[in-house]
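Each of the two complexes below includes subunit A, the first together with subunit B, the second together with subunit C.
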Partner chain A sequence: MRGVFKSRVGPWLSLLAVGVLVLVAALPTTVTSQARPSGAPAELKIGFVDFFSGAGATFGASGKTATEWLVDKYNSEGGIGGVKLKVVIVDEAGGPDKQVTELRRLALDEKVNAVVGYTSSANCLAIAPVAEELKVLTVVHICGTHRLTEDRPVKYVFRTSNTQASDSVALARYVLSAKPDVKTIAGANEDYAWGRDSWEAFKIAMQRLKPDVQVVGELWTKFQAGEYSAEISKLLAAKPDVIHSSFWGGGLITFVNQAGPRGLFKQSQVLFSTGEQVLQDLKTIMPDGVIVAPRTTGAYFLDPDPAKNPMQKEFVEGHHKRFGRYPDYPAYRTYQAWSGLKAAYEKAIKQAGRWPTTEEVIKAFEGLSWETPSGTITMRPDHQAVHGGIVGITKMSPKHGFAILDRVVRLRADDVAPPLGTKTLDWVGSLKK
Partner chain B sequence: MRLLTIILMDGTVFAAVLFLISVGLTLVFGVLRILNVSHGGIYAFGAYMATYLAIKILGAGASPYLTYLMLLAGAIIIGMVTGPIIERVFLRRIYGSDQHITLLLTFSIFLILDDLLKLIWGTKPMFVSQPYTLLGEFSIAGIPYSWYQVVLIVVSIVFGGALVWAVRGTRFGKIVVSVINDREISQAIGINVNRIYTVSFTLGAFCAALGGALIAPTISVTPGFALDATVLAFAVIAIGGMGSLEGAALGALIVGLLRALAVHLLPEADLVVIYLAMILVLVVRPEGLFGQVELRRI
Partner chain C sequence: MERKRLPVAAVVAGLVLLAVPLVLPEWMKFIVTLALAKFLAVLAVALFLRAGMVTFGHAMFYAVGAYTVGFGAKWFGLRDIVLLVPLGAVLGAVVAALVGLVMARYREVFFAMLNLAFSMMLYGVLLKLYWLLLKLYWLTGGTDGLSAGAPTFLGYAPPREYLRDFLYYATLLVAGLAIYGVYRFLASPLGYYLKARADNEIRIEYSGESVRHVIYVTYVLSGALAGASGVLAAFTVGHIVPEYAFWIQSGDFVFVALLGGFESVPGPLVGAIAFEFIRTYASKYFPNEWQMTLGIIMLAIILFRPGGLWAIYEELAARFGRREREAERA
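Then we have the complex of A and B:
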């Protein structure tokens, strides 16, 4: 037996030894190509929290693919300051209480250096005080509520993308430039914080920018309801000029599916604040002429033009080649979060001349501007990032097999976000053209 | 008058959907005396399988009319596979246990089924709208509706009628009623009670899968979409009376019409009214409108 063992394993061991030697020989050209600052850890462990089950999994899937693509890219380039990134994936489903426990686990058991993630407003609000208490650098990538950075000052929590109020203001500005004679508006939104806040901000923005606008219907549906027949009938009967909806994911697909054949899109100008995210799924079902946005994100896979923007080209082509899907706005916002964290670390390393403490990274993050495929993102001292966004109108693209954005308008950060120090709702309530 | 017509139409459409979701639940409760939470998982599986088959057949270039056949095929496959497995492997071991054991067990099965869906079909929304759009539209009170919505109403009436006939008018139905009334006596007179349980549960599973398959073309199927439908189905059978087919029909109609009424007149209350109705019924008549008072057996 022993002889057989030896004879079979021996050559493999030799091969392994040769392999190790080859790897060691190759090391200087890869890992140590970037000088490691003194005190650098063996790896930078980062939690990534997003929905991988339940209705929100449609967002989490994009967040995960963007994370995989980007972290692999960073690691192949030497990581951050020569330290490779290691990602610990956590499912965001299960409610705020579970997320608080998960964050404690990430901080105390997994001992992560930072956490990236949180799509749900309820979850980001719940974990923020815990992140402060545990002193965990937390980079929120998608969660939309303005309350995250406005309710109380945050030190360890950053948000690298616009709030949901920006989405509503961007849509209001776009629709008023495309249809200046709007007289009546209606809303069809989900009956929880996201839907309520989105509609409220849109309604106030419309009334501020065009005071004679009348609200002729406010519909509240259950979270991801599967049956919108009565709501569609009501919208058809009310005949508003404009219908605003912040439906998302599967609920949005279902709504378009049910409303399209019944002529809702022909009757009214419909706006979907998250519409860009489902264009690839809806294929030919999404009618032309619907105003859609990637929330207030500064890019989607065709804008800025990948042919003229190398960073956009690399992301779009790399993501599509690896996952068979173009990056959508959750993917772009995930990119913003990871690249922001990396830029903050790199700035802090440079400033400190060694591996920085979390507090030094935080200091470096404040006021930082960094480049992403969706443009330049600037992190304000209040830990809320500001950036511009695009809105467009759907047009079927036979080349892609789904609707793309036509008549794209790029709104500046100043047009869609309150100035530093002004509360979001005060700003929406005092909007000017 | 126009508004009333629209409300009646919307309410009936929603009632048809609710009836298709809840009829299997009430059937299983009637025979097996268990609250089958895994019903929602089978419903989701039916929707996914039907969507998957319909997409496949469309991808193969077949006539879009064949998608209707695929919806039915999806329901049959899922009903025939999940029903016997769940009943024989899991439920058979816990008959006669406390309700909370069956609730926990069937809820676990629901969660497992939901995860299985993701393993098989991933997390991206899947949908096939051809069966919904193929039949065209018509107008009532100036509001366009899809003919497929009428199909849902007709199917739920025919299907409900067929189930009532199967229970009341056939030999199998009489045996089922005998098992419902007294399991031990039925066994004593030579009825294979285990077989009746398997067949009844499989029929309930088929109802769930058929509900999912028929609703699939009107929605996009995503992980977790069945949870709300399951909760609503419980409200429907609580109102109508657990175990009663007529109760499920009436419960669905009440919930459907109340919701349509709320959406048109008081949209903020569209969910509250459903559960208010449920509470009201449970307070006045705890066994539900068509439910029978369970006698305590010594």
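Then we have the complex of A and C:
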């Protein structure tokens, strides 16, 4: 018995001891790399809520990989003010009543310091009053409805990216500069708030910017219908110059698959407001010459040029190396949310000279500008961020094996978002060139 | 002996529920409030399960109640819970009285699917009213939904920190009234006929009662219960979306009724509370597999204890009681 112990376990034990010693020796250097402000917690616990099941998981997957990459990066650099981040993930599927319950659990049971997330508009509208009630700092990363910050003033809720109306206006501006002689437009959108609002804003923007534009078709499909032959036939018959669509995820992939062979993309100029997100999935199926946007986000993985922008290079290469996929717009928007939260904490720490309260972080967040791979983001006092966006036209890239964006135009924040104090719908209705 | 035991259990359960806001942390209190609110709708579904009928459409009345709150706040500035709970129940009953005219004629899968069809029609309307009545923007808020706002209690708006307690006790009170009402209903001849329907409809007709009448009355009652449930759930959650009328919501009610056990009135209550806790803890510990966790539990209940959680309790109570009696004898 003793012999066995000596011969087998002994070396392992000594190896373990050496390992522990090495770790202990290494520890102080990482811990003391940054001075911790007084009153700092042992860790900063943050909830991340996104879709990990259902149709929306196509966004949630990117949100999660971007979060994992970014939080690991922050933690390896010492966290926020020397405090490491700990992420608690929650699935956004299950409806608003589940999300309201989950936010309460995050705030009161997990005792998170902040929450990042919410892709669905119904969910972000549902949780906003709860975040206010529980006084939990909530950074909304993707949800598109302008109602989040316009229905009633919010204090604890911030949104770090543009609204859905921006996407429609950006596409209208791009298509009018690329094809100034557009006469007829049509829309193919999903029959729920996102699709309806997207089309409405696009239609009004087009009519404002070019009053003689005619609407020749408004088609509504079921949520993630998966079968679009009737709509494609109608669009082929209507022969519009321009077709707008806010299809996304699986629905968009199916639509492109079905519309391509029938020549829809050759007949009309098609615009996809979320098109950038599916390029890597569609591979060679996406035809050239389709106008696509990463919603109104200021970057995609090739623009700004990673060779010239170190922050972009680090994100794109790091994300691709670890997950085998280039970051798409949900990933960039997730980056915007986390980096905004970090910048707000750091500013608040500097201002307070100690660990800040949530209210002090909120004060620091308002009016804050911070750098991301997708450019400078500015948080307005109404808690809605403004930033520019890119739009481009697809072009097959043999090097990547899927279509990339050509003729990229960078729209300024002023061109795609209403000025502070103006309601989004009023702004779209009074657009000028 | 049996007669004595039941009230004791009821009093204990009542005391436990009364003490919830004093003992449980805030987020658990919220879960119990939501469970109590949904319990009313589950009770409505359980009534039909007793009669051997399954409905996949009671989310319809649940949504009627919820949108009573949404529209009431939006158009009439109504947010008094004391007014809206009866109003939601009455509107639920009115819709049920209309739909019930058709439903009372059908049984089995036709009853289940017609209910589903009607609820999905309401779902479609709630979804589309956003746009159909042209420029009447924000009629139902579409899929983005409507806000419920904070309720008042007989005109009294409680301070923010006590609002959740007020809401809890209001929900508990309504749930208590519903339990009493349903007990009385089940103890009435109509209630016995309802149960008998599962065994033999023809015998009911021979004994002089119209089965269609029994089902119709039950249907109206179930509409009222689900309507009140919708009002309470809307105030608890604070946001109303068309998914309240969606078939998955109806499915959840059936799930909960089976989980708790539909043969008794406390069964759905136990089921509703257990369901909300299981769902929350499943997302806490298995954020990526929470739906599967619910599925496995459902499967286990159906395979091993089709009577639900309440049947497990009754079995335990009976075993315990027997041992007690043996001890007394010895």
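Quick note on the criterion: the second predicted complex is superposed on the first by the 412 of 433 C-alpha atoms of A that agree within 3 Å, B and C clash if a C-alpha of one lies under 4 Å from a C-alpha of the other, contacts with A are read in each partner's own complex, and residues count from 1 in each chain.
In this section, a contact is a pair of C-beta atoms (placed from the backbone, for glycine too) under 8 Å apart; a residue touches a chain by one contact, two chains touch by 3 or more.
Quantities reported herein were computed from a predicted structural model and do not represent experimental measurements.
**Student:** For A:Lys222 in the superposed arrangement: first (subunit B), second (subunit C), both or neither?
**Tutor:** First partner only, subunit B.
**Student:** Based on the superposed arrangement, let me know which partner A:Lys234 touches: subunit B (first), subunit C (second), both, or neither?
**Tutor:** Once the two structures are laid over each other on A, A:Lys234 reaches subunit B alone.
**Student:** Between subunit B and subunit C, whom does A:Gly249 touch in the aligned arrangement: first, second, both, or neither?
**Tutor:** first
**Student:** Thinking of the overlay built on chain A, is A:Ile285 touched by subunit B (first), by subunit C (second), by both, or by neither?
**Tutor:** A:Ile285: touches subunit B, not subunit C.
**Student:** Regarding the shared-chain residue A:Ala61, is it in contact with subunit B (first), subunit C (second), both, or neither?
**Tutor:** first
**Student:** Would you sort A:Phe52 into first (subunit B), second (subunit C), both or neither based on which partner it touches?
**Tutor:** In the superposition, A:Phe52 contacts both subunit B and subunit C.
**Student:** Which partner does A:Gln258 contact after superposing on A: first (subunit B), second (subunit C), both, neither?
**Tutor:** In the superposed model, A:Gln258 contacts subunit B only, not subunit C.
**Student:** Is A:Ile89 touching anything from subunit B or subunit C once the two structures are fitted on A? First, second, both or neither.
**Tutor:** In the superposed model, A:Ile89 contacts subunit C only, not subunit B.
**Student:** Does subunit B (first) or subunit C (second) touch A:Pro129, or do both, or does neither?
**Tutor:** A:Pro129 contacts subunit C only, not subunit B.
**Student:** Using the superposition on chain A as set up above, list the residues of subunit A that contact both subunit B and subunit C.
**Tutor:** Of subunit A, residues 52-53, 93, 191 contact subunit B in one complex and subunit C in the other.
**Student:** Under the touch definition given earlier, write down the residues of subunit A that touch subunit C in their complex.
**Tutor:** 52-53, 89-91, 93-98, 100-102, 104-105, 107-109, 121-122, 125-126, 129-130, 133, 145, 147, 151, 191-194, 196
**Student:** Mind listing the subunit A positions that touch subunit B in their complex?
**Tutor:** My answer: residues 52-55, 57-58, 60-61, 93, 191, 217-227, 229-231, 233-234, 236-237, 249-250, 253-254, 257-258, 260-263, 278, 281, 285.
**Student:** Could you list, by residue number, the parts of subunit B that touch subunit A in their complex?
**Tutor:** Within the complex, subunit B contacts subunit A at residues 2-3, 6-7, 9-11, 13-14, 17, 114-115, 118, 122-125, 127, 129, 132-133, 137, 142-146, 149, 215, 218-225, 228-229, 259-260, 263-264, 267-268, 270-271.
**Student:** Within their complex, state which residues of subunit C touch subunit A.
**Tutor:** 25-27, 30-31, 34, 127-128, 130-131, 141-145, 147, 160, 233, 237-239, 241, 243, 276, 279-280, 283-284, 287-288, 290-291
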